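Heads up, the next two complexes both have chain A, just with different partners, chain B and then chain C.
Moving on to the complex of A and B:
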């Protein structure tokens, strides 16, 4: 099925525009490798006000927990919809990490390596793009919306760089051709003629890589309609919540369904050094329908078992409430939530002490978390790469997957 | 012509690989490579065509492509020594200095240097570097000054290591000594002889360097100072570290050499108070910086000449004889040891004159092999075909301007408008993965296809290529010929001539089609790479 005349999903050229609507696209995507959606809580969400609540303790704060579908997994009263899908969630309450601030935490929680090392480690999205992406796809293999990672593709190279879009599906720079369609086609044909002439005598690999990237850029724009959610959003917004973040989650589902292996959606405003509770209440009201809606939507479409949904940010927040009713950055004991993609749902892994200050059992490091993620996605977490002469592994030495989390 | 090439190569292959006194290095290069081909039963690519050589050597020496005039003159020249003469002319061209400065700036800083706030803009450094090449300053002197950082501009090299003496150790060892020490930062090197003591021994030379910042208005200036005290503390392998574990001071030690002997500081010595804005720090009682600069840049330093020769070879031939070019270890021997010896010895006897080495390499028949053939490797391991390398961001911009006559009409600013230079840096700055392999990227092509900046090159503007071809009354065949000479530095092949002539003729208003034609050539693999 390979070749310029056929797209990655097996549709011939004239059908490019119809990719999003094509039933066969979904079917083909399901057959592909596992995919991943990362919901990035930018600034760092509070574990004490979401999934590791300490009611009645000085660190507890004003929110009340509610029971969820799973006993032993209470959650915040502002996550009522999430409580109904708790059976899908694996809540890791024992994250113990190393990078306490934003740029370094963002880097660390996207690459599982410290930023201070000057090796350019790839972000999780680039890794999944490399290992689980379909090289013949019309669509980019690493898409993100909103402010999220800061590492890019690193040593994996330009092929796996993130492709940024708006949460409404608006494409970034240089995605509107200045020529009319007919003119584009004529020019493209002339380019192909030039390439054919040159490559009749020149066979080195870089030439092929150059040509393929050119074709990919054209194919992407012809498959652009996938990014247009204006028609189906009115129906979906009730489920996801009529918010920017909700729309981003819906877009992520659409892209995953169309075969994109990794999509990251950022939600802003978690860095609540002041007025933590005001911030978190507002954020959770957007998060709750979007996240739960995404999980249910994926499940209904038969995509959840092959799509891992990660909920995390760069840091947790301090158990102590500061004098501005805020919570500061905290990395000694905090929470990440996984669902779908082969993760064993309905469980709480690890725990913290009575005030949430220390991990009580089963600490999970950045490397352990990433090894778990890669393993459940079918990627060898100790795959070896090189930066110059230096061998580097996908996850650091001494870390490994948490077997209990994988179903 | 091909037959002659073949005969020469055969006879080269038959010569023994014994070095002859006073033999020009270019002869040694060809003899050693031919011996390698013979032993591996490899047939090298044919000798390059004139046009192929012309474009290659222009990009490699002066960082851009030849003008249409230069190309026509060179191709028409019947002088048998025209390649050698061209090389001499380009080596004397002022653009040689700026192009080599761009190349070495990338070696010394990469695209994402440390201390980004200070190093992001380093025009002063590039001016200093270009001056070294323009003035023919010898490599050892240039290296010494990079480590001393006393001339205006040169300080920036060490400014990137501000408060990170370990980074200085990694980079200085790698770039100037061809030795990868970074593994020994956290543990003894697993398969090389370097230990953590070696790593921190070298770091001891950089630990007292202080980057001073002075500002007037929005402009910040940097100078290097050095303290008289301060030691590197070493506390064992990274995996054995824990809170509260204290390290022992490590004495400075030259890599693979002796410990530094230095005077003992009086017990009651106190560092002078920090200088005010704009004031220089007083010189230290004893300068470790001067010692490391003198040691690294000493002509008889055991690593310096070999590392430099290998790096320059890799710059022009695609891969080092030791490859990667900065990874000299016992486990990674040179592919052509005699040749590496000859280059290093020659570099020393020519007072570290890089221009001499470059002249010899690009005059070799090996450098002048064709880029054609069925081999797929970008950087052939036996140098049996010209290497294929992507143009750097700087070269792409310069070549596009030259190809399209962008600067034909009067003075055009050095930078493209609307942040054009920044876009080119972003999309062309880092085209390879961690192994140095080229990867075409989506964003590069979206920019090339749809960006106004690239369109600005192809669109008709008074005096530019599109304009010249549109005002001409010559038959389209002749105009297509000029188009190819201008963009690809060669005449079109018959099929190309026919195709392009038809394409341009078929519309009574040919302007949009001419834009397409220029664009298609600018976007092709042939333009994107040096091959």
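Moving on to the complex of A and C:
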């Protein structure tokens, strides 16, 4: 995992990929306090059954559109609460991407690079943790729950690896100390002493990484109470829906409010090669209160303007309905939704043809999407890093932010 | 007397506008009605004897705007009753003498469209199968459901209806007055409902179709229909299993339930249950590959038919569990089209099946 940076004079420096970045730029971004919540629709939600419906066409299916708060932005009848917050949404109906299957699609839609590349690119969560995280916080800077990304921190190194919690937002039982607080502190001090002695004789990055992980874990225990939602969940569940995903979204709001710059919440069950409409109907009934509840909660707390909420998965689903009443993977024309955090809401960007088979105008690639996301979060989407001696940019060459989406 | 061991296809009635999802005979008449995914319903008059050109539809029943999930008819065949994803149950008076057939209809429109598109690749465009139909409007609409009506059954005497929706609401109501006798809500969706012949019992299959999350749910329960209380909860014995269809035998002494959804292997099986005790009588093997879709007891009270996601209908002898015949053949490939629904004629000599591929098949069982 170790990388190096080469100076102009040929000096090779140990590097986790970030030394080329000016310190002042990083500090400025942190001060900006932009945060991000990603609602990850694992398996790939159907655009035709949510935000790009084709009623009356052979590809339409049994769901019916309802009018939303925004003219020209109809959505599925099973997203009635989302329809009331449509003014906050930027619906991109013209995603045209490259990776059609799950592992490669998950990687690609978390890093904006193909999985087949040898470079270990960092997930979006790691990038945001690096640029917008507070290194002095006791909380992790990249939290995720449920089925989510598969790329990790990549060349950014272990400091930005994700911290996984339960799909309902609860901490694992491993976070409960074995000993009373005083005993635990003595135990940690003893560990530090032994490890200091050992590492003074054995210099190697893995030891430093291990120590870093330990220190972060101890710091996390100091902030553990943030993860406890037992007192406020009984009231919050009325808004978010009493489901794992709802509770996960609620925890995301709590963590963002506590200063965590990136939280990813996964919702399962979208890979509907069979019984697509049954699956989507059930999923949307969980998604609708959780997502709308999150947006409203963020807004009421004054957090939405600085918190970007992304709704996406790794692929869309085929317009064609197969003979299992399912829809398969589709990447030629599908939908991602952005809200808050500097996004110009109340708009539909791009369009598809009458059956939803092709993008009609304004195609958006993975790189364009990520450039838009990073730009709204105050991160230079063309920031340069190094993996070994090789320069790498946060988003691929030839891609750029979609200006119309940025408020 | 029909010989159920020797099925023979009488006609394949092409109608490829969309998947054919529901089918029923109208009383003891020669009329068959079928519904599709678009909410359309067609009516055919079958010739008395099999053979010759397939009969063409004689009427189109306009009113629904979404998937037809179930069709049934009054015992006298004068009223067709349809349940739909448009949240309604509609009633249609079907007169002996239909109005003039004025509306043109192309029965293979989709095939023509598909082959025309692929013409440059050598696809042969078939000749149009044209028909002229009368148009009937529904006479009454039951609006008490607020979600997709996914299940419906009319009692044997034709007076009482049970219907279920995927908001989990089960309603037992009077066919004529629409007065609701009992209503209750189950956890998840009320996917399959059946009413015992004496209307004292109801079987309801519950489901919330998540694959991974802890909110997923499947259960099957026998209810006391008069009290709207659970009489026997069978969920422990059939843990995690989703039943797509349920039916009581004519004498009320046997309840059949069939596993649905997309299942691995031949697990789409039928289980016969003693409804008085809730005890399993037997499971009928083999199950349908990939899942069962519908069940219907034969009017002789001794046989049962099941349809599946394997394009096959099986006829079973209920007393022995013996497979009497297979109606149709599996079409091959990893995934097959479904036979979505089936119905017996009143005399038990004919069967109609609703084929996802866009057809209604009429089978006969010559004695």
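Assorted remarks:
Methods note: the second predicted complex is superposed on the first by the 339 of 407 C-alpha atoms of A that agree within 3 Å, B and C clash if a C-alpha of one lies under 4 Å from a C-alpha of the other, contacts with A are read in each partner's own complex, and residues count from 1 in each chain.
Operating definition for what follows: a residue touches a chain if its C-beta (ideal position, glycine included) is under 8 Å from a C-beta of that chain, and two chains touch if they have at least 3 such contacts.
Computed from a prediction, not measured in an experiment: that's the story for all the values here.
Once the two complexes are laid over each other on the shared chain, residue contacts for A:183 go to chain B alone; chain C is not touched.
Look at A:140: by the touch rule set out above, it reaches chain B but stays clear of chain C.
Touch criterion met: A:197 reaches chain B, while chain C stays clear of it. In the superposition on chain A, A:324 contacts chain C only, with no contact to chain B. Taking chain A as the reference, the larger set of touched residues comes from B, when chain B and chain C are compared. Once chain A of one complex is fitted onto chain A of the other, the partner contacts of A:64 are limited to chain C, with no touch recorded for chain B. When the shared chain is aligned, chain B comes close enough to touch A:211, but chain C does not.
Common to the chain B and chain C contact sets on chain A is no residue at all.
For chain A in complex with chain B, the residues that touch the partner chain are 118, 120, 140, 154-159, 161, 163, 173-178, 183, 186-187, 190-191, 193-195, 197-199, 201-207, 209-214, 216-218, 220, 385-390, 392, 398. Of all the residues in chain C, the ones that touch chain A in their complex are 18, 37, 66-67, 85, 110, 148, 166, 208-215, 261-262, 290, 309, 335-338, 356-357.
Here chain A touches chain C in the complex through residues 58, 62, 64, 147, 167, 243-245, 267-269, 274-275, 278-279, 281-283, 286, 322-325, going by the rule given at the top. Those residues of chain B lying in contact with chain A across their complex are 112, 114, 167, 170, 180, 182-183, 239, 324, 326-327, 332, 371-378, 388-390, 430-452, 455, 493, 495-496, 499, 503, 512-513, 516-517, 519-521, 523-526, 528-529, 531.
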